[in-house]
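Each of the two complexes below includes chain A, the first together with chain B, the second together with chain C.
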Partner chain A sequence: MEKKRYKEIVNQHTPKENLFLNAVIAFLIGGIMGVLGQALIDFYSYYLTIPNKEATVCMIVTLIFLSCLLTSLGFFDKFVNFCKCGLIIPITGFAHATMSAALEYRKEGFVTGLGASMLKLSGAVIIFGVVSAWTFSFLRMLLGVE
Partner chain B sequence: MTFKYKNVYISEVATVTGSYESNGPLSKYFDKSYDDFYLGTKTWEEAESKLINEAINITLEKSGLTLFDIDLFIAGDLQNQTAASNYAFVGLNPAFVGIYAACATSTLGLTIGANMIEKGLAENIICATSSHNNAAEKQFRYPVEYGGPKPKTATFTVTGGASALLNSKKSNIKIESATLGRVIDSGLNDVYHMGAVMAPAAADTIYKHLLDTGRSVDYYDLILTGDLGIYGKEILKEYMNSEYGIKLKNYDDTGVMIFDVKKQPVYAGASGPACAPLVTYSYILEEMKKGKLKRVLLVATGALMSPTRVNEKETIPAISHAISLEAVK
Partner chain C sequence: MIYLNAFIFAGIVCALAQIILDKFKLTPGHITVLFVIIGAFLDVFNVYDKFVLWAGGGALVPITSFGHMLTHGAIAGYEEEGFMGLLIGTFDLTSAGICAAIIFAFYFSLIFKPRD
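And then the complex of A and B:
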């Protein structure tokens, strides 16, 4: 049988993912995450009188801490599985990926396991984050945008 | 390549599982089940070795033999360098052969063992296979606590160890013949659709077996594939029909039987080297002893997936080996 014909049979019996539903869930959860982030910034700047710029950093640190804690306690993977990109795209996804790898490789030692492998999933985010930041800053300089 | 046997019997079997399996529909057939993934050890990898040791101990207990009566261990698993088996047999008396055919390891082991028994090269051989969900996830996929969504066609590796004692002493279950399969390229490279990757290999082996033995599918009361899952099962049926003109009737897949696919969070069903033997050595052999099934063809299917070669944009080859079991009175 030709490979093409076999692929047709496979496609016939492969269930379709519900893209629309997934997008709606991600949109709603992502929105809620945005509101939560803003609420944290407001809390830090109004009640703890932290300057707005530092309050943003505090918000990010809080979210990272919460997702790492919930990952370690063992139920954040179920949230992520349900909310999908609603939790993966924000900083919570990065923290979750790093923390889950750290938990997994801790048994292989601090240096050879934890240190070497905790960025296994999230390392690509850092590399391409830096590369794209550099590229766009360079473009901005060339175009003379202030 | 098909072998026929006159004097090879499965004397005793044992199955040890994790919690997902003991919460599934076949729970009452297993010899022993554990609730946690560590089995009292420090790592999942070590736990998998313990699953093999437990299965072998139970087999020996049931048969009344000791380690010194066993001539040879044949075992395999999914870990790199088949580490689970290697570590399980450290310091044990019998000779050891480690084999790898991914999830088709169980029937490969039985075939090698049966050939040696038939030729009189060994008296008692124990064939064992194991898999551990977390150890496999860690090695082949993502960290266990990582919750990135998977497609519906993904499968869930079983946690368990299964072992079988082969010898030429007459028992209820006879190994009647065996067919070794060849490596088949499905042309696919979707690591989350292993059922589709393995179906052509299963079809090829079933076809060759029927051709070599001159039988039709009706000869068997049940044809069992290893771990194609709910979607792979349908793909195999259609592929068998359009490629070889064979309609599979008395057909099921052990990957679908071991879990309640609708209720348990296992996506398309079970996979792993221990999947086919766990179901066969528990539920299927029980049914054969009761006389409900007489002839069963077990076609364990293995995706020979190398994460490196998949990342290098190559397709995934698959293999499948078949064992024909017969109930004798």
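And then the complex of A and C:
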């Protein structure tokens, strides 16, 4: 009985997140990030005449640079709090996780702090990415998909 | 036209992630891992390549493209060098992103102080 009441009280006092509004904000910000990516690819391939494949790499590096810079200046956390998945799902979220871990653990020393903990948050992406990529391409090899 | 496609594709991926995040009360880490795995899976039957052709940068910006590029590199490695190519080629396309993130994070953390 006590537990049930406790749950009810907790449910009453948890702030209600507006599902629909959050999704719309994520849609708009994510869409803007996609347009920005395409615009950077076009900029690099038309004005600097870089081949299309390298232009993609340049675009990703530019976005990572911007997100690292804004994170270390302290703006990016506020943006992420507001836009949530609109900035976490694009590649900026990966850079943001790496950068904030680096800033946080820097004071614990170079090797034991910065070196050991820089990938604390973003390491999961690399590890699950590599494991799933290997497994899926191995399956594709077994299936013989062209 | 490709800008509109990019806007719609990237927007839908982000909105989907936000809905899953709110509905199942996961952390952002779970969401990014889930989307990397989805991206890696979609490349098995070359589905993601069609998204990239349709939406351009809109399909390359979300983290799903990270998984897509990992699988893509592994498959290209397999076609070139056989079984060991699965291991050799995995990081071919994504190493730029990972290296850039690590190097910028290292040098910026030397320059800037953390804020709270």
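Heads up, the rule we're going with is that the second predicted complex is superposed on the first by the 142 of 146 C-alpha atoms of A that agree within 3 Å, B and C clash if a C-alpha of one lies under 4 Å from a C-alpha of the other, contacts with A are read in each partner's own complex, and residues count from 1 in each chain.
Basically, a contact is a pair of C-beta atoms (placed from the backbone, for glycine too) under 8 Å apart; a residue touches a chain by one contact, two chains touch by 3 or more.
Bear in mind the structure is a predicted one, so any value in this text is a computation, not a measurement.
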Let's test your reading of the overlay: on chain A, do chain B and chain C clash or fit side by side? fit
Per the contact definition in the header, classify A:Leu114: touching chain B only (first), chain C only (second), both, or neither. second
First, second, both or neither for A:Ala26, with chain B first and chain C second: second
Where does A:Ile88 make contact in the superposed view: on chain B (first), on chain C (second), on both, or on neither? both
Check the residue A:Val10 against both partner chains and state whether it touches chain B (first), chain C (second), both, or neither. first
Per the contact definition in the header, classify A:Ala39: touching chain B only (first), chain C only (second), both, or neither. second
Using the superposition on chain A described above, determine whether A:Leu103 touches chain B (first), chain C (second), both, or neither. both
Chain C versus chain B, contacts on chain A by residue: C
Classify the contacts of A:Gly74 with the two partner chains as first (chain B alone), second (chain C alone), both, or neither. both
After superposition on the shared chain, which partner residues are touched by A:Leu48: those of chain B (first), chain C (second), both, or neither? neither
What's the minimum Cα gap, in whole angstrom, linking chain B and chain C in the superposed view? 5
Go through chain A and flag every residue that touches chain B in one model and chain C in the other. 17, 22, 71-72, 74, 84, 88, 97, 99, 101, 103-104, 107, 121
For a test of understanding, state which residues of chain A touch chain C in their complex under the given definition. 17, 19, 22-41, 56-57, 59-61, 63-65, 68-69, 71-74, 84-86, 88-91, 93-95, 97-99, 101-104, 106-107, 114, 118-119, 121-122, 124-126, 128-130, 132-134, 136-141, 145
Residues of chain A defined as touching chain B within the complex: 1, 3, 6-7, 9-10, 12-15, 17, 22, 71-72, 74, 76-81, 84, 88, 96-97, 99-101, 103-105, 107, 120-121
In the complex with chain A, residue positions of chain B that touch it: 42-43, 138, 142-149, 151-153, 186-188, 193, 196, 200, 231, 234-235, 238-239, 242-243
Could you list, by residue number, the parts of chain C that touch chain A in their complex? 2-3, 6-15, 17-19, 21-23, 28-29, 31-33, 35-37, 40-41, 43-45, 55-63, 65-67, 70-71, 73-75, 78, 83, 86-87, 90, 94, 96-98, 100-102, 104-106, 108-115
